[in-house]
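Sharing a structure below in structure tokens format, with a few things to ask.
For clarity, chains are labelled A, B and C in written order, and residue numbers in each chain start from 1.
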Amino acid sequence: MRFRLTPVDTTFYDLFAKQAGYLVEGARLLAEMLAESNDRAATAQLMKDAEHRCDEATHEIIRRVNSTFVTPFDREDIYRLAAGLDDVMDYMEAAVESVSLYDLLSLPEGIEEQVEVLQRAADLTAQAMPRLRTMHDLEEYWIEVNRLENLGDQIHRRMLAKLFSGAYDALTVLKLKDVVEQLEYAVDSFERVANTVEQIAVKES
Amino acid sequence: MRFRLTPVDTTFYDLFAKQAGYLVEGARLLAEMLAESNDRAATAQLMKDAEHRCDEATHEIIRRVNSTFVTPFDREDIYRLAAGLDDVMDYMEAAVESVSLYDLLSLPEGIEEQVEVLQRAADLTAQAMPRLRTMHDLEEYWIEVNRLENLGDQIHRRMLAKLFSGAYDALTVLKLKDVVEQLEYAVDSFERVANTVEQIAVKES
Amino acid sequence: MRFRLTPVDTTFYDLFAKQAGYLVEGARLLAEMLAESNDRAATAQLMKDAEHRCDEATHEIIRRVNSTFVTPFDREDIYRLAAGLDDVMDYMEAAVESVSLYDLLSLPEGIEEQVEVLQRAADLTAQAMPRLRTMHDLEEYWIEVNRLENLGDQIHRRMLAKLFSGAYDALTVLKLKDVVEQLEYAVDSFERVANTVEQIAVKES
């Protein structure tokens, strides 16, 4: 427990929660995109909007971390946390963009499991951000996100094996691999965010 | 404004300007490579030389940042800035190397726009480095590089759509995608450099 | 030379040596995988075990760096060193996993040179870790690893040229490129580890 004589700027917690909120929205848009009836151009536009707003929240954090005298935890950690959350958004947006760009009519089996992992990771992250204030009850969160990343890794590898099994021509493999990889990177970024939270929590305890 | 009792080692500004100078040269070599009459082996060699000299400047900065008592700004930021500039060089060199390695006779339409973005970003970066001394008039620079990165992203996505449109066989797509991606990574690295400069400037103001 | 009044936690040296030990084992498993008589499923399982144990050592370092009062060198550097060693392991494991996943019966010529580079880099790294205690005789190590990375880069580029020479169909190129790239990333990560050691040594000298 650290004691401080200067009031700490607590806006950071709200901004992290805001970023995480956009990730929940992004994961929901990914799930919508999988439905056959989905209007992909519309979903891609909504995703772009969410990505843009997440970007603004990230820049607001960076500006604030550099101009605030007393931050709630290490500047380097605040920066790493904001950048990690922003990475997740970028990868989710890139996946949707690729689907729309390549005009992919059918997506490979297993992608719905990847998206489910992302939705759960986004929910857990959004629930964890407000708990940074007290640093209580965060362990469960980072353990579960690490578990989800392992699960995501297995799903990803199974999908790659299927993609290369001979059922698709090489160009289609290239396109689908792009989409599937962006989703895998998004899951990885959720884990990096959780690892950053773990580091912050251990330091502060 | 910080006051200091120990003289600050100002060689860093010269070394950053040196690195940025190599990036201007690298972007110019990229533009030359696009000309049909270009001797690619010769261009690849000049690029390799520029990359090598940029590498030496980077190592000089790293050595200096770790052995200097008072640095003009945070060690971590100096390190990040030098590494970011070096990344741009590496990606530009890798693009030229791939063109030469894969013996690519024709390059996809749109690549000249990517290279133009890189040339403008390199020029802006080279002009901004000396301004780190006073920290004045830097905002325009990072705003414009962020705008260029957005533009580069759009060009890149349009090129990917064209690459996958069916006009090329899969092997050619793989080769061209490699080149186009290296250029996109170079643009991204310019943005990361600009973001680092923004962070440094906000801290010092 | 820094003087300290509080005893420094020296467990870090043992943990770095432990991580490096797993890298030596991983590089050996890679070499075994190249033998025609190799039982790949068995090698993949042994690699997964090594990766898992390296992961545990990494987490132990992260936990310790955040809860220890006086660390032997900067927290940020300890973190970077542990993460770098872990990256090498992840890439080596991913290469073996891809070979097994894609059911690759023959591997491209040149891969044995890549693996040799990895074995030498792993040995040098394992020998260097205990020398972090005294910071003596480390220069040779980082110079040699930088040389190995250059060599690895040349081997990698020669392999890419061969992969794209027309001897393989596009799907096979994609699979082999995945394996070869993971090995190249592993070599790159060894260089990043060496650069981190250089930074630490220069700061402490």
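Things to note:
Criterion: a residue touches a chain if its C-beta (ideal position, glycine included) is under 8 Å from a C-beta of that chain, and two chains touch if they have at least 3 such contacts.
Listed by chain with UniProt protein names: A, B, C = Phosphate transport regulator.
The model shown is predicted, which means the values in this text are computed figures rather than measured ones.
Rotating chain B (Phosphate transport regulator) by 120 degrees superposes its CA atoms on those of chain C (Phosphate transport regulator), with the angle stated to the nearest 5. Counting the residue numbers that touch the partner chain, chain A (Phosphate transport regulator) and chain C (Phosphate transport regulator) have less than half of them in common.
Chain A (Phosphate transport regulator) and chain C (Phosphate transport regulator) have CA centres that are 27 Å apart. Of all residues in chain C (Phosphate transport regulator), those that touch two or more other chains are 76, 170-171, 174. Only residues 62-63, 66-67, 76, 79, 97-98, 101-102, 169-171, 174-175 of chain C (Phosphate transport regulator) touch chain A (Phosphate transport regulator) when the two sit together in their complex. Contact residues of chain C (Phosphate transport regulator) toward chain B (Phosphate transport regulator) in the complex are 76, 157, 160-161, 164, 166, 170-171, 173-174, 177, 195, 198-199, 202-203, 205.
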